[in-house]
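Can you keep this structure in mind? I'll have questions shortly.
Labels A, B, C and D are assigned to the chains in the order they are written; within every chain, residues are numbered from 1.
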């Protein structure tokens, strides 16, 4: 059962809103970043690797 | 059995298997954390004494759990890497350190924010929070050490030794800080009394803890996979992987 | 000629005679200890009652910092001139030689700090009842500082900026000793029995004595290849 | 002397972050032999010596001493090796005599006294002066004096000729020859060629093809 009478009460949390939402907000932001950072690093890694292989191939072909 | 162990130690095999588990872990952690958070924020009953600020517990407790468990994961991985010279275990250890530190930070931050409406101050030298702070220092030490060595192998060995020494010390640190706290501040408000909680408050907490475990496993796998790609970047299978994308 | 005890005491004697030839270096941690404690009344208040309340903690913290200051050199000097490798190539068990080095190090850094502490207790108007537990506690505590610190010093032996890193690594591990040490003094000042706390401190140092030399020996084998 | 080799290394691989410094290096060192490791800077001469002296661990490969895996008999192996690296391993505030006496407590330096050793290596009269007053060449000699005293059969010397003058080099060569004549063995790295029939060279940059 929803504990709050309306959406405004849910946001204000009886005066504790900033604390609760702040804690949840920052935590979830950090956690999202934790999950996305390795994915981005993997993409960058593979891209540089691809570039390096490409460069090597061209050099090999030129000779 | 031994063959299985050997196989598990192969980064390539691990990369392929973990790739299959990842989507499910991601799904599970998103579903569990979102439903747990909605449940805890909107549907769990209000705490009689602390009011709505108590809803922070649904982040604080799971994060503290995993922050501590994460240190043990790191130490065990380090020990396995050291004893059986398993490269994969080294990579898991390296992957676990920043993740554990981030969760420790979340636990500290939510604890501090929770403290403001409860005690009227952001920082209080509560036993739990103080131990958490020391744990953060231990994590920072490991991360700093791991970045100071020129080769990854030496770095992994060194971190494993430090993590093991830390592991032996953690129970002593926790006990001593607990004892220190009772010495200086006799029984004020206890932050968490999980067993004595109302079942309606407790259920979302369980969901959140489960969700955090899945999330931990997910990020640990992701970090380990990144580490694998980085270290194995000269092998043919990684090169093929890079070109196939 | 090459015996276990000969090697053990040989290492201690050599480290002590080197320390005696650099007497200036020997005094540095002591002066550091003294200066930090002098800063307390200057920074907070010269009022005896307030000083007395803070004396146990301040003395312990400055002792911790003073031993930390000297810790970096435990293995580093030997590593730099190559004698550490010779020590490690000895057929004698490495943990024993490491223990010998730690003992020598404690004798030249920890022990002077312990002996100096009553003077600082006087300067910070520590009540009389606190002196004995302060001395006893510091003997055990500085031993733990040296033993645990040796693991960190071994890990960072080949790193260029090892000193700050070393503090970062070992300070969190010193927390229990600091808690037990200061509360032993505090209890004695408050007129409560401090035997139990001292026993815990003794147990912690005995345990560290058993484990730390092995960990430090293992750490050295890793650390020299930094 | 076709008996078992003193030291045998098989398929040694040493990598720094998966970049092999050397890989699949195999070879033997027999009693009565001087093995000189040559190669350009940075090819891993020092590392190989350190690996053979068990200072650095290898990634793959085995070391055998008289047929026994060294991992199983490390203490015994340490008792028969002597290692002198780039750094002389002397405490500058102590005298050469004190340094050698300290070393004699740790390693089997029992063939002669430190005074005899220092005299032999050409440092008579410098036994009791602090090492910081000695020149680089004299320090190197003081470090090599340990070789006169040691019972070790297998010597590892990293660039032992550095800073030595003509007389010092002659002294060292005589010492090495005496050692191998008695059935010992020496592995050393050096840029300067040693003129001696007993010296076998191992060129590290081309060792893969050499197939020792």
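Throughout what follows, contacts are C-beta pairs under 8 Å (C-beta built on N, C-alpha and C of every residue); 3 or more make two chains touch, one makes a residue touch a chain.
Model, not experiment: these values are computed from the prediction.
Engineer: If you tally contacting C-beta pairs, which comes out ahead, B-D or C-D? Let me know.
Structural biologist: Spelling it out, more C-beta pairs touch across C-D than across the other pair.
Engineer: Whole-Å distance, subunit C centre to subunit D centre, using C-alpha means?
Structural biologist: 37
Engineer: Averaging only over C-alpha atoms, locate the centres of subunit A and subunit C and give their separation in whole Å.
Structural biologist: 44
Engineer: If you average the Cα atoms of subunit A and of subunit D to get two centres, how far apart are those centres in Å?
Structural biologist: 55
Engineer: Which integer distance in Å separates the CA centroid of subunit B from that of subunit D?
Structural biologist: 48
Engineer: Residues touching two or more other chains, restricted to subunit C: which are they?
Structural biologist: 225
Engineer: Hey, what residues on subunit D touch two or more of the other chains?
Structural biologist: Answer for subunit D, listing residues that touch two or more other chains: there are none.
Engineer: Quick check: what residues of subunit A touch more than one other chain, meaning two or more?
Structural biologist: Not one residue of subunit A touches more than one other chain, so the list is empty.
Engineer: If you go through all the chains, which pairs of them touch?
Structural biologist: According to the stated criterion, the contacting chain pairs are A-B, B-C, B-D, C-D.
Engineer: Which part of subunit B faces subunit C closely enough to touch in the complex?
Structural biologist: 134, 137-138, 140-141, 144-145, 148-151, 154, 157-158, 161-162, 164-166, 168-169, 172-173, 175-177, 179-180, 183
Engineer: Would you mind writing out the residues of subunit A in touch with subunit B in their complex?
Structural biologist: 1-4, 10, 13-17, 19-20, 22-24, 26-28, 30-31, 34-35, 38-39, 41-42, 45-47, 49-50, 53
Engineer: Name, in rising order, each residue of subunit B that touches subunit A in their complex.
Structural biologist: The touching residues are 26, 33, 37, 41-46, 51-53, 55-56, 59-60, 63, 99, 102, 105-106, 109-110, 113-114, 116-117, 215, 218-219, 222-223, 225-226, 229-230, 233, 238-239, 241-243, 245.
Engineer: Can you tell me which positions in subunit D touch subunit C when the two form their complex?
Structural biologist: 53-57, 75-76, 78-79, 81, 83, 85-94, 98-99, 101-108, 110
Engineer: Spell out the part of subunit C that touches subunit B in their complex, as residue ranges.
Structural biologist: 148, 151-152, 155-156, 159, 161-162, 165, 168-169, 171-173, 175-176, 179-180, 183, 204, 211, 215, 218-219, 222-223, 225-226
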